[in-house]
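Please find the structures below.
Okay, so subunit A shows up in both of these, paired with subunit B first and subunit C after.
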Partner chain A sequence: MVKIAYFDSSNSLGESTVMASAVTYTAEWPVLVSIIFSPPQNYPLYIRSVPTENELKFHYTVHTSLDVVDEKISAMGKALVDQRELYLGLLYPTEDYKVYGYVTNSKVKFVMVVDSSNTALRDNEIRSMFRKLHNSYTDIMCNPFYNPGDRIHSR
Partner chain B sequence: MSVPDYMQCAEDHQTLLVVVQPIGIVPEESFFRIYKRISAVSQVNVRDSQRVLYIRYRHHYPPENNEWGDFQTHRKVVGLITITDCSSAKDWPQTFEKFHLQKEMYGSTLYDSRLFVFGLQGEIAEQPRTDVAFYPSYDECETVEKRIEDFIESLFIVLESKRLDRATDKSGDKIPLLCVPFEKKDFVGLDTDSRHYKKRCQGRMRKHVGDLCLQAGMLQDSLVHYHMAVELLRSVNDFLWLGAALEGLCSASVIYHYPGGTGGKVGSRRAQGGSLSAEAGNRHRPGALTSNGINADTSAEIGRAKNCLSPEDIIDKYKEAISYYGKYKNAGVIELEACVKAVRVLAIQKRSMEASEFLQNAVYINLRQLSEEEKIQRYSILSELYERIGFHRKSAFFKRIAAMQCAAPSIPEPGWRACYKLLLETLPGYSLSLDPKDFSKGTHRGWAAVQMRLLHELVYASRRMGNPALCVRHLSFLLQTMLDFLSDQEKKDVTQSLESYTAKCPGTMEFITLPDGLKLPPVPFTKLPIVRSVKLLNLPTSLRPHKMKSLLGQNVSTKSPFIYSPIIAHSRGEERNKKIDFQWVQGDVCEVQLMVYNPMPFELRVENMGLLTTGVEFESLPAALSLPAESGLYPVTLVGVPQTTGQITVNGYHTSVFGVFSDCLLDNLPGVKTNGCTVEVIPALPRLQISTSLPRSAHTLQPSSGDEISTNVSVQLYNGETQQLIIKLENIGTEPLEKLEVTAKTVNTKEKLYGDFLSWKLEDTLSQFPLKPGKIATFTVNIKVKLDFSCQENLLQDLSDDGISVSGLPLSSPFRQVVKPRVETKPINPQESSKVGDFSHVKTLEAILNFKYSGGPGHVEGYYRNLSLGLHVEVEPSVFFTRVSTLPATSTRQCHLLLDVFNSTEHELTISARNNEDLILHAGECQRMAIQVDKFNFESFPESPTDGTQFANAKQLEEERQQAKGLEINSKLDICWKIISFHEYFVEGVLNQLVLEHLQLAPLQWGEFLIRLVQRLWNVECSIPTTCMPVTSFRKSPQFIRK
Partner chain C sequence: GWMNKHLNLVPALVVVFYELDWDEPQWKEKQSECATRVEIVRQSLQGRNTKVAVVLIQKKTPLPPGEDVIASERAAALCNACDLSGKSLFVLPHTDHLVGYIIRLENAFYEHAQTYYYTEIRRVKSHKEFLNKTTHQLLFVRHQFKIAFFSELKQDTQNALKNYRTAYNLVHELRAHETNMLEIKTMAGFINYKICRLCFQHNTPLDAIAQFRKHIDLCKKKIGSAELAFEHAAWMSKQFQAFGDLFDEAIKLGLTAIQTQNPGFYYQQAAYYAQERKQLASMLCNHDSSVIYPNPDPLETQTGVLDFYGQRPWRQGILSFDLSDPEKEKMGILSLQLKEKNVLHSELIITLLSNAVAQFKKYKCPRMKSHLMVQMGEEYYYAKDYAKALKLLDYVMCEYRSEGWCTLLTSILTTALKCSYLMAQLKDYITYSLELLGRASTLKEDQKSRIEKNLIKVLMNESPDPEPDCDTAAVKASQKLWADRVSLAGSNVFTIEVQDFIPFVQCKAKFLAPSFHVDVPVQFDVYLRADCPHPIRFSKLCISFNNQDYNQYCVVEEAYQKSDILEQSSQGTMCLVPGKTRKFTFKFVAKTEDVGKKIEITSVDLILGSESGRCVILNWRGGGGDAASSQEALQAARSFRRRPKLPDNEVHWDSLTIQASTMIISRVPNISVQLRHEPPALTNEMYCLIVTVQSHEDTVAKDVKLTAGLKPGQDANLTQKTQVTLHGTDACDESFPALLPDIPVGDLQPGEKLEKPIYIRCGTVGARMFLVYVSYLIDTIVEGKEILCKCHRDETVTIETVFPFDVAVKFVSTKLEHLDRVFADIPFLLMTDILSASPWPLTIVTTQLQLSPSMTPVDQLESYVENVVLQTGESASECFCLRCPPVTNASGVATGCYIISWKRSSPVESVPVVSTVITLPHVIVESIPLHVNADLPSFGRVRESLPVRYHLQNKTDLVQDVEVSVEPSDAFMFSGLKQFLGTTISAE
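Right, the complex of A and B next:
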């Protein structure tokens, strides 16, 4: 379960919860979830990794994966822009992890790093997780107290 | 085969490998000069054919790679050029011997070789030899190029003969099996007569011929051979060679499709003549005419369409080839090189995603244990390739790894310099620049976590390089740009290390230029502390310059002929935004207030904080401050002295934090509020300091006009008293004081004042002028307090009480003094007690003395300064005249004026009047005194000159007249009081005069009625001489008063 919440000055206005596909999958965590702001800044709005040790390694992984995201977006630009699929699929596999990407129409990127050995997470599960993540992000953007571009804080 | 050549590209398949090596002792510089000239000859048009030979020169080539020459002929060293330095004929045989030794190293594959001898002259040099060329020196060798071309032609002849020899299909002969070094042992004892074996031999030979054709410039032939080889080898599952054949096919196709080359090096391939471009131009028109007539190689045209691979097929075939190579562990280098070549092709095709897959594959190819240097090379090349396909982040990632490898702990002598250089190259990939300006605006760019890491590594590398200035610069940059992302602990660590570095080498505002020309801009600490607002402060009121009115008027009139114009007003309004409407004065301390706060979780010590200005020579007086941890907004005042006049602009401020000097310009600061930064500096003015004989007062005046009082003095006086105030004027400035004007203004005028409150004679003081700096002049002011001596409230109360008033009018002899103090000072009476309270009421008078002064150059410019002295006078009541009445005297020309006098002081005092004896009053006592006065006619007063002429002035006239009458009465009566127990002088004549005037003014203040009353009293006496009349009139008079 991935929780993303936001605060206003007085009280928590709302909180959105992303369920990993279904309750049954709660055991199957993505190793890392990241929301990355739209270009040209391209900095992370939110990063949450489950093994907190050696987190910088994942930072590098996600950072370099942006190359692939850029490439995929630009390749898609030639194709149908309106009808395009937000889910980018597997960005690239590394030895231990798989990196998946998702890009909203406003070019906000979601990147998820999953343990390669985790077979429970197939394409469909990843896709629905991204969709829920996107919904939560939309909720955050709806919060009048949130400034687009600020870091997202999770409870 | 263990050393991969990462620089390889597909076109290299068509080149002939020539090794150029020095033997003996050849100066490196000279060798490379010759090497450069030799390698310039990389394309040779072979005579009488259209074919072009491409040569690849190497000055170093591992012989074990040469062993793979049969597998791919471009790996075979076919030519050897040796360069040697031989000064005497005696050394010659030895040198020649070495040349032969060198030849043997590559002997099996060499087609031909050359020896270039430099420095040898004489007999030996004159012998004509084909394989040796003699040159007198490195500078005199014009024929080197020619020699090389001849040499290449000889290579071509050998190549061509080999090609023709192997291309002709001699079915009868047994075809030898070509094999790579690691295969040799596998074929021992194999049946050489089987069809399978024969086919394998055929396939491999086809592939070999294809290679030779490609090298010999026969592209189309090579394609045909490669195709045949692929078919043959596929049927026998000879995967390694199948891969090689496929790769050959790809290479040939790439050469055909991309004549510009895939290596990306512009200089490496000279676009020679028409052949390449012509071929490129007419490749879609088979059989077309070229500039040289009909294309000689017509056979090529026919097979072209089907033999050459399409760009998509090239990649498929590369993939296939690489997958076959992958089956053999020993062919790792081949696989790696194939990957690199494929990536280069894909980069040209702009198919980054597929290229990245190839690269990803290349990453996983496990070669034997690599040396550190090879690792660095490998990562660098990966980085370069990622860069080429537009994966800047990935490229930066590998470059960083390469950099880390340079300084790996396993290396005995870490190459920090190389590490630093590589790290610098990664910066763009992490969207990091070393210019702090890029980070000052808007939201942060790029991935802060990895950027921070990189900056830390830069700091470390530069420190290990032994360049503390660089280290400080990077660390400052880290602190400045990443402040928002550093945790509290990190902030502490970073600042601590920064301080320790700056102890050795303070941070400056200079550009740091690196050896390779990169310039590191200075990093001003605009966030340590953060400045929120900058406000230029006006001078203190007493030092503020004012413009003389007349000059100001001139100024306005010269600006514009119009009294009002909306256009001008508009432009002025804009100007005002930047310019401030006050002035600073040359030579005076001027202040700028900054609101700052400290974002650090610990106390921030800012040293040497001062202003940066332009326009006027400005002596900044630096301040040091210490801001508490995470302080709120904190006001800081920076001061300085303008030394010249003109427009001064405050551009920013400089600080020294953690040993780093920063010049922070306001233009570069985001979110700074300012009220304008340009102010005018006017010429110097003198400064006046005043001190007085009176004590300073804690009581501050609040003047209405907004100007402040620099000094306040207070004095306590009894009503009617006079005191002298001596003011010392000291010129504490540097300019002579030339002009002085003094004006006084009474404030808080609830009380009606009579006569001059303050009076002075300026002439005495002005005679001491001009006042030189440091000199003192004195100035005397007389303070007179004359308030109402009557007791208005008391009287009114009396009126309400008829009995008292009647009893207060006894008809008795004129000289009789009614001495009934017990009765008069009735403390028992509640009405009276309230009266007493009124009597003791202390009244205050306040006045401001304004000193307008000027001098020096500022005076010439028409400026003056204004210094105000606040005067606070507490007036204690002295005597009160509670009742006034008259009695007729014995003579008709005279009458008795009866006054009830009340002593409200705590002292015994005496009242005296003209022609009268003193009356002694005890504290709180009330007595009646009678004064015999001459009657006089008010009508006899001289009418004021304007009398009757101006109707509008009637009221004023009336007042004047009344005042004159009051004065007249005063002079007649001449009443004064003095306190006996007090200082003698205090009760002197001056005082008397005061009292006198007061008395006379008292009736005035009672209003018209009282004036009239007194007048009537006199008038009645004067006009009606009958004795009976006054009595009635007297009786009436108090009633008049009552109303």
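Right, the complex of A and C next:
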């Protein structure tokens, strides 16, 4: 499962604040987790893939999946806002991976890429993983020293 | 071979057309000729079940069947002769309704063809019944496929689909081995294609997609011979491409696709397998050039065609799985590998990618499109078509840049840099280097360092080192190109506009103030900061303004020697140290013409390299900033983070904001303007406003001008009711202006004081704003430069105008009783009452009553209030005795007007007298029949007689009877008549 923790500490001079966030993974990880900032910028606040050798490809996968997220958001715009389901479900399947999406009310997007062969991850697991990710993200946002839009660093 | 045979060679029906009318005179001959023809056709179709039909082309319209006896007889005879059934003989009358007949013929032919295929299917089915699954597995597939194929030819698509599906399942039941894998896959692919096609035709796209997925899942792992793995990739690519084509075709026929399910994905996947094929091919087919193509060619068969699809040419007709001839096998594989070597993989990949791009464009996937275009660009790069690669990469770069995906941008830029290096495209090479060194690049430090060194080399007009991982042959070619570029003089100045990308030098220009007085030098700072790993020198920094005259003052230049460009120790002014912010301060004197105008920085140019070598001009539009800086500024503004303290002369880059324009405002005036007056103004008076101007300047204020009057921009009516003049002695009229502009006053010596009275006449009450504006010229010296400044000071004042007095008028009788109306010919009194409303004393100079012709004065009309001074709240009254002759007008008679001449008492000098005209009210005049007038002594004494005389006057033309009685009073005793009756005669 995914866990993002953060803490603040001031250095001994008390002059600057150091921000750190940590992501720890345990068994059954997705291939990639990413948090993407709200439009119009859409740049990744946090992106991490576990097999690092083909990272670029996954970055492209996440980036292209934003097309589908955009489309889904604009389609949902017509529905009632408060009844909106944050979980977008499977965005699109590729031959080897599945891409899932989740979007907060402030249009911050979470994208997760999992291996198609990983049958342990069903819709429910993905959903709860997203919820945990969202909680962690909310925690980070609650940190008064975090500046919205800054990249999130992981340890 | 078999399919071609049934599609193009073996007919289902042969039709013999023959021109023959029923009433043909030479019937016998014609009939036998026709029969011969049919026989010839039959002969050539020996052994086939092909149907034969005859069509007689006739010139006459046929009679209805049964009526023409000859016709039916002859038809029967003809059928006999040709050995045809009656159903296969047709007549095509060549008359008016040709089209109708043709359609009927077509349907008839179609029926015959269907019967043919039906019997063919029956035939194949009967074959199949003799087979058993264990020994005839291959034939099972074959027959099932044939049935499906015939069904399709029969246009029975439902059955065709059913049979194809069975065939597909049978294919996968086959025992797969390395030797027959290709054959199985070929067959499976073929049947799959047919199934998907039919599914799309039946408008069940989901079935098609499901079938395709199943197909791919089943076949993905069936790679076959490892040495020919590229064949599998090629096959996979082909499957996806074919499905994409089918999908696209279905869409063209009206199917609707969606964003997440469109042909683009299949083309993309096809391209992916094509790339894999290329990789495998390059791995498996990297034979030495010494390896020659085997002879005899194992791929040649004796007949030139294969017996069955997907079989190896050198293994035809062998059913066993064992390798009978290993040598032959090896040669076969080698020849296939050598053939693969000649395939233009990149071209295939690019075609597939561009197909996918076209699809994704249609289904609102801009990012997917960009991604594919990047892949296309990379493929062009591998195909050594660098110009096209660069074009594509350059096109999509900005999208990744604007969305802030730095890792992706860096990877694209790296490829683009390689392309530009290999083409020796100087400008592109420099641009990409600039960005790869910049803060948006995620390259490692050593990479950046290498790029920077190359960039410096380019700036010194040398060839850069080759980019890593480039094709060696291409590098050789490009080195030559670079050498040519070096020897080429001229065209070595490149201007690069930076606002569209993120270069490694950042720039911010900032005016120290939002406005500057013209007599103060304009100051601004330009901050530069480099993000590259090594310090970099520049040769010139210049700034351009909207007024180009200032450009010359804002240049930093240093002629530097070519040798010390990399010398780290000399950190002179012209060197940017990584991570440090450098500040350049500029100062210039604004021109006096620019007072009131905005001075704007239109561009900042930083020149790297030298004009002798190569020279790159980085051009920031406005006051600096590039593609990423606005977002960064926003983040910095939001941030609460405390910044560590820096030495005094350093600043935080993030805390700097761009201020690219400033206003030039006029010099602060050093004179005082005072206004002296006694408010409020009184209506119509010549109100005196004394303007005192005193110079506090050190030198002579020249050409002092005064503008005074009503401030423009107020109610338009006020302009007409306000007059301003410099001469207060005589009253002004409506023709005078409301504002006196630019009254020349002359020069003012230092300390000199000037007083100027202004007279204002306000015609209506209310508040008015008055403006007094003093302008002058003065010489000053700024930064050793003498300039003539224009200064001005203005004062505004609001003046209230009030009525000087209220005038009340009333009519009373001679006994001072109030009158609503007056009586004709009877004298009455007009009383006027002037109540001063002015806070200042007023002098009533004189008053004058001007009567209308209908009124006549009873005595002399002279003023009783001449030279009366009224304090606030005091009033002056006078009365005039008037008489009104009888009138017929009942509504009232004009009385005339009352003119008051007055002035303020306070000013000593002669203020003109103001005449205020007050129109007197109309009065109703009534005629009365009888006028009684009592003649009483003014006093009586006790016990003495008081003579009283009453005058009765008849005001009418008639004789009137009157009765007079006197009511006694207790205080008097009577003598004389108490009651009296009589007549009065008319007035005359």
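Following the convention adopted for this analysis, the second predicted complex is superposed on the first by the 132 of 155 C-alpha atoms of A that agree within 3 Å, B and C clash if a C-alpha of one lies under 4 Å from a C-alpha of the other, contacts with A are read in each partner's own complex, and residues count from 1 in each chain.
Heads up, the rule we're going with is that contacts are C-beta pairs under 8 Å (C-beta built on N, C-alpha and C of every residue); 3 or more make two chains touch, one makes a residue touch a chain.
In this text, all values refer to a predicted model and were calculated from it rather than measured experimentally.
Novice: Touching A:P44, do we find subunit B (first), subunit C (second), both, or neither?
Specialist: Touch partners of A:P44: subunit B and subunit C.
Novice: Name the chain, either subunit B or subunit C, that contacts more residues of subunit A.
Specialist: Comparing touch counts on subunit A for subunit B and subunit C gives C.
Novice: Touching A:P144, do we find subunit B (first), subunit C (second), both, or neither?
Specialist: Only subunit C is touched by A:P144; subunit B is not.
Novice: Looking at A:E71 after the superposition, I want to know if it touches subunit B, subunit C, both of them or none. Which is it: first, second, both, neither?
Specialist: both
Novice: Applying the touch criterion given at the start, work out whether A:H59 contacts subunit B, subunit C, both or neither, answering first, second, both or neither.
Specialist: both
Novice: For subunit A, what residues appear in both contact lists, the one with subunit B and the one with subunit C?
Specialist: Of subunit A, residues 37, 41-44, 47, 56, 59-60, 63-64, 66-68, 71, 92, 149 contact subunit B in one complex and subunit C in the other.
Novice: Which residues of subunit A touch subunit C once you look at their complex with the stated criterion?
Specialist: 15-17, 37, 41-44, 47, 55-56, 59-60, 63-64, 66-68, 71, 91-92, 95, 144-145, 147-150
Novice: Applying the document's contact rule, which stretches of subunit C touch subunit A when the two form their complex?
Specialist: For subunit C paired with subunit A, touching residues are 259-260, 265, 269, 272, 364-368, 371, 374, 400, 403-408, 411, 631, 634-635, 638-645.
Novice: Quick check on the complex: what are the subunit A residues that touch subunit B?
Specialist: Touch residues, subunit A against subunit B: 37, 40-44, 47, 56, 59-60, 63-64, 66-68, 70-72, 75, 92, 149.
Novice: State the interface residues of subunit B toward subunit A in the complex, per the touch definition above.
Specialist: Result: residues 352-353, 356, 360, 386, 390-394, 397, 430-431, 442-450, 453 of subunit B touch subunit A.
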